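What follows is chain A paired twice: with chain B in the first complex and chain C in the second.
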Partner chain A sequence: MSVFIKGMGLIAPNWDCENKKFHIDPNSNLIPYLTCMEPDYKKFINPVAIRRMSKILKMGTTSAKIALNDAGLDNVDAIVLGTGFGCFSDTTVFLDAMLDNAEKQLTPTAFIQSTHNSVNSQIALMLKCNGYNYTYSHGGLSFENALTDAIMLLNDKDAENVLVGGFDEITDLMYTSMKSAGWCVGDTIFGESCGMFVLTNVESDFNYCKIDDIRTSTTEVDFGRNIFRFLEDNNLHINDLDLILEGSTDTRWLTEQKLAPDVPLFEMWKHITGESMTATVNALNFAASIIKTQQIPDELVIKGRIKSNYEKVLILNNFRNLTQSLILVSKC
Partner chain B sequence: MDELILKVKNEIITALKLEGMTPDEIDTDAPLFNEGLGLDSIDALELIVLMDKNYGIVVEDPKVGKQALESVRTMAEFIKNNRKS
Partner chain C sequence: MSHRVFITGIGITSAIGGNVPECLDSLMNSRHGVDIVTLLDTIHKDFPLGEIKLLNKQLCEIAGLPDDETLTRTTLLGLISVKEALKNSGIENISDSRIGFISGTTVGGMSRTELAYDKTIPGNIIDTHDCGESTNRIASILGISGYSATISTACSSSANSIMLSARMIQNELLDKAIAGGTDSLSRFTLNGFNSLMILDKDHCKPFDAERRGINLGEGAAYLVLETEESLVKSNRKPLCELKGWANANDAYHQTASSPDGNGAYLAISKAITKSGLNPEDIDYINAHGTGTDNNDLSEGIAIERIFGNKVPPISSTKPLTGHTLGASGAIEAVLSVLAIKNKLIYPNLNFKTKIPELTFTPNIELRTNAIVRNVLSNSFGFGGNNTSLIFSAID
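Our next item is the complex of A and B:
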């Protein structure tokens, strides 16, 4: 059974979701990581509900609302999200309060919002969705594993419309910790983003694209060989691809290894979106938009000959050489 | 008493993140929950913690807490009569 993207919502450093406009210049010039272009949340969420929400909850509920509006739906059958660090900011607030007040006088709000599945819960409450609700927190494959689960739900006909997404915020403390842990190697730029997709198993002219296949790897492997095996399993040759989105932090495998010299390549997309454990949401959004509109935004620099048709797009993601993923999407 | 009422209103605005609201907009005698400010049970917990933290008042009996949190005026009176700090 085929799985399609029916609607999308993205809050990211390069995407103005209110005006649906792409901005190549990151809006955070003064800090060493990329923060999101945030919309006026009150336009999307009930102002009474919003007052208690942290930034990541606002981002999650708003992008979910945008994706559902885009899909023309009021509700979904399931909510499956992925996150690396969860609601880190509120976790910090809660832990700080525990230390400052000697584990007494703790307020409930930060605690409620500090769990990894707070965003899922908030979206479910907002939509009054009592269906399947699951949060994956699997490092650099958090979003990919959520996507795999959503695809299985649709393939098994356990659902007709599934909200799937990935979110990760970044704070000063998180950046400092990642830097101390040696994560900021080479020209890595960390960032935050929140991307939601409504997936469906119902074919329609309005769908963005089809998700053909997804494959993940958690061991150190020959990534080039993996790409070719993945394409072979999908009866494709690398030159059948119309575009490759290569997301790495510091290695340009395709260019360095000359693996796909004849395929247009959008190299190092994470320099625009920022690196995070769920950065793939940005690439999937790029790919679906390009296939739907058959246009590549002028701001994106593509290596190689630009094609007139974009039917098959391959997304590559490598998170800190620890986890890799491949997602193949195509025109409906 | 008026001074304490104003202080309590400001503390409620900060603790409950009632962005864009000023003390003048909070009716001193209106119910805090359901009608009036429209607060909920999580807000009630936040206000109980606020009284403990800022005034050293520990509310142990839920009935007492319910009466104290009827309005800003009852809350201020409860604080005036029971404050330890």
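Our next item is the complex of A and C:
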């Protein structure tokens, strides 16, 4: 059974989610991390509901709505999301209130919204979706967990359309904590994003692309070898790839010293949309768009040999050398 | 897709015991573990908790590790139960890539985050905060290298781990899985539930007309799931079979359950359909039964919609263990397995008065030598996340 991307919604730094193209923010270097270009949420979500929502809830529900609109659907059969840090901002709001007020007279709003599955449930509420509803929070593989599950639901025919996505937000406190914890090595720029996809097992001319395979690993010594094993299992040679979206930050697996000259065209997207535990959502969105439009946006900086068409794209992500994921997408 | 899924090992640590034999002894004696707060540093000493009365360094010792401040309480509780489950199942080659590890937790390393947050302890608030950290740490200490995932769907987290594992086994993605969850008590959680005004200052009274709320608890439990083929290879006898599972969403409110219990109704009825059983085949229901006004009524209505006036013996074991949140689904799964193996139906402690809107009352005495072939275990969480599992005796 094949699994296709039918619709997408992305809220990310330097990305205009309404027009679905890059919009480089000239002021983005004023703070040491990248924040999302937020849309006018009222265009997508009930304004009454918006007032009670924190930023991550607004981004989650809105990007879901954009993905459903893009797929031409009013509802899905299942909602499966991944998040590394969950609703971190609400978590710290509640922690601050708890410590400042010595555990007295606390209001529950931030606590309720801090729950990792609050974005899932807000989307379910918005759509009145009674179906399967899962939230994964597994570090740098949170979105990959969700994608693996969504593919299984479609293979089992437990669902025909699944909303799958990943989200993470960044705050000043998160950034300073990451910095002091030694996470900001090399040229890593942390960011945030919220990417949603409608996956389906129904073939259609309107689908963006096919998801051929996904694999994850947590054993660093295997990261290099895994790429070749993964391609082999999909009956491919590295030269068969038309593009690699490479999400390493401090270690460049595919730079000249490692795998060249075999490497085809490749691009490292994290300089535009930033690093986070669910940064893969950005690359999957770009890969699907490139395959559908056969165009690479100017903002993505290409290295390597240029190919005339884009049929097979490998997304390679690596979070802090702790986790690695490989996703192979291809033309329908 | 026809693969049957068997349980071959269990491990548990909770307020009623640090391992399976201790918990079984407490269950046989209806001895609860909900008591006054002695470990958690909070001003809310008036809410009884299901605390595990051991310090982190004592947990390190039990886990066979040197005292390590970077190991969160969530990781330690999880580690102890995973080790017990592995030993119980007789798994030898834990690094086999066909063995998965799926864990659930609500707040991961929060008990450590909140101490670093106000500088009570040194260190940053990020390294051990995220939910996946406890899963990865346990996997790395034990050398588990197969597929791994962490689920955080509030109080149904670890029931969902068990369900995901079963689905992965049926899809032939795994031969075996270690599935469960872990959660430690934190000030964050206690204050959060207190701000919602759903904690009971007395011992909780699930399914009682006078119920006032939850007693929180902590703990961990893991089960080893295997295919039939894998059992043939190891020539081991399973403890029971996992026959049914389902997850559905109430899509009603962020924290409250719907008046008609629709999400719960969908989860229970789909799980029964999946198991191939009929409602009358269920011998015991281990209810979610938190003791809140809202849950017990909503869950009760859903149960009546399915079982009519023939509701099987039902009890909530949360007055025994406290509500262990992300771990509760797995803890109650282990209790369900023990009910089948030992022919037990547990009492719903502290019950006095029937809920007027419901027709049934919970089972209040421990029943021994009971016929317990099929157990339905419910786990419902915030965000309307409802999961039901069905455990069955081996034919």
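In this section, the second predicted complex is superposed on the first by the 317 of 332 C-alpha atoms of A that agree within 3 Å, B and C clash if a C-alpha of one lies under 4 Å from a C-alpha of the other, contacts with A are read in each partner's own complex, and residues count from 1 in each chain.
In this text, a contact is a pair of C-beta atoms (placed from the backbone, for glycine too) under 8 Å apart; a residue touches a chain by one contact, two chains touch by 3 or more.
These figures come from a predicted structure and were not determined experimentally.
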(request) Specify the partner with more touching residues on chain A, choosing between chain B and chain C. (result) C
(request) Could you look at A:K128 and tell me whether it touches chain B, chain C, both or neither (first, second, both, neither)? (result) second
(message) After the superposition on A, what does A:N120 contact: first (chain B), second (chain C), both or neither?
(response) second
(request) Examine A:L106 and indicate which partner it touches, taking first as chain B and second as chain C; both and neither are also allowed. (result) both
(request) Applying the touch criterion given at the start, work out whether A:N321 contacts chain B, chain C, both or neither, answering first, second, both or neither. (result) neither
(request) Tell me which partner A:V48 touches in the superposition: chain B (first), chain C (second), both or neither. (result) first
(message) Identify the residues of chain A that lie in both the chain B contact region and the chain C contact region.
(response) 106-108, 112
(message) Quick check on the complex: what are the chain A residues that touch chain C?
(response) 79, 84-86, 91-92, 94-95, 98-99, 102-104, 106-108, 111-118, 120-122, 124-125, 127-139, 141-142, 145, 148-149, 152, 155-156, 173-174, 177-178, 180-181, 183, 216, 218-219, 277, 322
(message) With touch defined as at the start, can you tell me which chain A residues reach chain B in the complex?
(response) 48, 51-52, 101, 105-109, 112
(request) Sort out for me which residues of chain B touch chain A in the complex. (result) 15-19, 38, 42, 45-46, 49, 52-53
(request) State the interface residues of chain C toward chain A in the complex, per the touch definition above. (result) 1, 42-44, 106, 108, 113-114, 117-118, 124-127, 129-133, 135-136, 139-140, 145, 147-154, 160, 164, 167-168, 171, 173, 187-188, 191-192, 194-196, 247-255, 262-263, 266, 381-385
